[in-house]
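I've put the structures underneath this note.
The two complexes that follow have chain A in common; it is paired with chain B in the first and with chain C in the second.
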Partner chain A sequence: MAIFSVYVINKAGGLIYQYDNYVPRTEVEKTFSFPLDIVLKIHDDKVVVSFGQRDGIRVGHAVLSINGVDVNGKNTAEGKEILEYLKDASNYPVSIRFGRARLSSNEKLMLASMFHSLFAIGSQLSPEAGSSGIEMLETDMFKLHCFQTLTGIKFIVLADPRQSGIDALLRKIYEIYSDFALKNPFYSLEMPIRCELFDQNLKSALEIAEKAGTFGPGS
Partner chain B sequence: YVRPQGGAQDFKKWGNSELFTLTYGALVTQLCKDYENDEEVNKQLDKMGYNIGVRLIEDFLARSSVGRCHDFRETADVIAKVAFKMYLGITPSVTNWSPAGDEFSLILESNPLVDFVELPDNHSTLIYSNLLCGVLRGALEMVQMAVDVRFAQDTLRGDNVTEIRMKFIKRIEENLPAGDE
Partner chain C sequence: MTVHNLYIFDRNGTCLHYSEWNRKKQAGISKEEEFKLMYGMLFSIRSFVSKMSPLDMKDGFIAFQTSRYKLHYYETPTGIKLVMNTDLGVPNCRDILHQLYSTVYVEYIVKNPLCMLGETLQSELFSSRLDSFIRALPFFSVRAA
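Right after this comes the complex of A and B.
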């Protein structure tokens, strides 16, 4: 999967659509006996590994599930506090899955509006007027591509640094938005996009882009 | 009897333009029945047009590769030569510029909305194609331009040509997309 996510931000900086196209590669599930030799702590309402890295379990990884059941923040699915649960010898042996914590929807909302502000700052820093704004943010793990329309909507794609054709993909997503979101009379402008046809067409556009295909006319 | 001109490829994609004329006609007559007042119908048509315009602009920008217009003359050209062609298959002419360059007319030789239409005497103040005014107003508002759009002449009401008058009011400065200051 070389295209990781798609974000759509409305004119006010609110996230109106988000789609993740990747499966985290580093999740580790292991059975442990008492006492647990990994040091855990609470961070941002999640239980994360603070010390005791081993066997693919890294510092910073969060507890994702206990005995196969996904956790709920710092509590188990039944509502017990995880740290308390793991201090009790009678609960062992226990199977814990560790991995990189996925962003919650609230976190994504915050990040989107932060990006919106950064984008505005980027335009103001420009030596000449009429800058396009941030078009790309590059890291070693991914490239973030951004396209702002003349009406102020931003389409953002996070992809593998080596993935090409993202410009065409961004334009294609704009077309899909103008078709399946805007031409749906029951969709209100600037609101979260909850249109199945939009989802379906976006997914197939991502597949086409990943295979480095081109979008034919009117496709 | 002259068949309405198909015009642009994009318009032909719609298939039967008679269905379009019939649909618009059904819409207007229903509004007339519901509101029983020409002024009110004109207002509703403008409102509906506005809702279409704010959505249509994105489709227009996504499909044409038109960039931001830097003055009203550019805007007039894009509206007449690209937008009207794309959506209605006609190319109105741009004339009657005001001395300040903030007002112009679009002269429509033909209008797919009014093919086969005749206005009865009891609807003499009905602006049948007022939807178009709303569409233009809504679309331009989304690209930060406040305009006033109205029909100056209408073949349905006995004039020789159909003339849409567009006046630039101001640039909308609130909520400008970043980079447009």
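Right after this comes the complex of A and C.
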């Protein structure tokens, strides 16, 4: 039971705060000999598996490191192109680590804006009058909860599907936002939140929520 | 507890079938635009979910809910997408949509030599079987709660 991450989106759809609490990393490292039986391709400036799923290496996994050294986009740490490097038989045997690619900050910004639009479309396509936007989105691996305030700020929490008490957590995060971001005289509205007290209190609220506690009036 | 409406899309985004039982509010745009918007929204949600997911996904996006309705989604390996809007009291519908696909769609459309792929479903038998399947669901009532 875990809370994976928290996102805060402003009125215009821009991401103003993001925190990764717990990100499970499934990574597989294996040694390969020439020729490589996994088909790789370049996607979004990363080298990903396109065919040849086996032994925990799934389609869509990215190359994270070669021979223990982390890769840099589609080049190795020394600057050589990964695909060229792996076509050369003299470089084998080689140990490659595959795993789900981490989201870069740019990708997180884009995903937050995408969700902002999907939230609005969910409300537009409603078969019933007076519907809000998407409040909860469910998949088999995670549940995304969203709370939109009266001022248009959205608080988004990604958690395990079995985690309970997220509604109270969202209200608590709103309370922490109004106490430590809005009351901070150096914070400008709709701008990225860079307040230390906000970070600290958010972390402790997430710990309490994970332990399935409730928030008292004074906490 | 009730079912509002049901959409069936094929892999190219064509809406093969749409029926409604209890819809209170129209979208304010024409039906073709609504189908395109719904398909586009689902396509974007699937892409969003595959990027955001912390672990490798098996089934993918299952459902979402707002303050007034819940949208259930089921996609077959051939790209046929079944989308059902119900009210909030309804639990997970994935099995029901799977059953709908296997007992109604496969029986009356796939096994029908006159039904062409990629065209809207004209079969009267399919429409009436679909309608009776939905009406027989335990959570369906004519008037919404």
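One rule holds for everything that comes next: the second predicted complex is superposed on the first by the 210 of 219 C-alpha atoms of A that agree within 3 Å, B and C clash if a C-alpha of one lies under 4 Å from a C-alpha of the other, contacts with A are read in each partner's own complex, and residues count from 1 in each chain.
Definition applied: a contact is a pair of C-beta atoms (placed from the backbone, for glycine too) under 8 Å apart; a residue touches a chain by one contact, two chains touch by 3 or more.
From a predicted model like this one, the values you see are computed outputs, not experimental measurements.
K.L.:
Here chain A is shared; do chain B and chain C fit on it together or clash?
P.N.:
fit
K.L.:
Quick check for you: in the superposed arrangement, does A:Val47 touch first (chain B), second (chain C), both or neither?
P.N.:
So A:Val47 meets neither chain B nor chain C here.
K.L.:
Output check: A:Phe115 vs chain B and chain C. Expected answer is one of first, second, both, neither. What do you get?
P.N.:
second
K.L.:
Just checking: does A:Ala12 make contact with chain B only, chain C only, both, or neither of them? Give me first, second, both or neither.
P.N.:
Only chain B is touched by A:Ala12; chain C is not.
K.L.:
Let me test your reading of the model: by the given contact rule, A:Ile57 touches which partner, first (chain B), second (chain C), both or neither?
P.N.:
In the superposition, A:Ile57 contacts neither chain B nor chain C.
K.L.:
Of chain B and chain C, which one touches more residues of chain A?
P.N.:
Chain A has more residues touched by C than by the other partner.
K.L.:
Could you tell me if A:Glu107 is touching chain B, chain C, both of them or neither one (first, second, both, neither)?
P.N.:
Second partner only, chain C.
K.L.:
In the overlay, answer first, second, both or neither for which of chain B and chain C A:Gly152 touches.
P.N.:
The first partner, chain B, only.
K.L.:
Scan A:Glu175 for contacts with chain B and chain C and give back first, second, both or neither.
P.N.:
first
K.L.:
Of the two partner chains, chain B (first) and chain C (second), which one does A:Gly130 touch, if any: first, second, both, or neither?
P.N.:
It touches chain B and chain C both.
K.L.:
Give, as a whole number of angstrom, the minimum Cα separation of chain B and chain C in the superposed three-chain arrangement.
P.N.:
The answer is 11 Å, the least C-alpha separation in the overlay.
K.L.:
Following superposition on chain A, which residues of chain A contact chain B and also contact chain C?
P.N.:
122-124, 126, 129-133
K.L.:
Within their complex, state which residues of chain B touch chain A.
P.N.:
That would be residues 13, 54-55, 57-59, 61-63, 67-68, 142-143, 175-181 of chain B.
K.L.:
Sort out for me which residues of chain C touch chain A in the complex.
P.N.:
Touch list, chain C to chain A: 4-5, 20, 22-25, 27-28, 34, 37-38, 41, 44-45, 48-69, 71, 85, 87, 144.
K.L.:
Can you name the residues of chain A that touch chain B in the complex?
P.N.:
Residues 11-12, 119-120, 122-124, 126, 129-133, 148-153, 171, 174-175, 177-179, 182-183, 189, 218.
K.L.:
Hey, which residues of chain A end up touching chain C in the complex?
P.N.:
By the definition above, chain A touches chain C via 4, 23-24, 26, 58, 60, 100, 103, 107, 111, 114-115, 117-118, 121-142, 144, 158.
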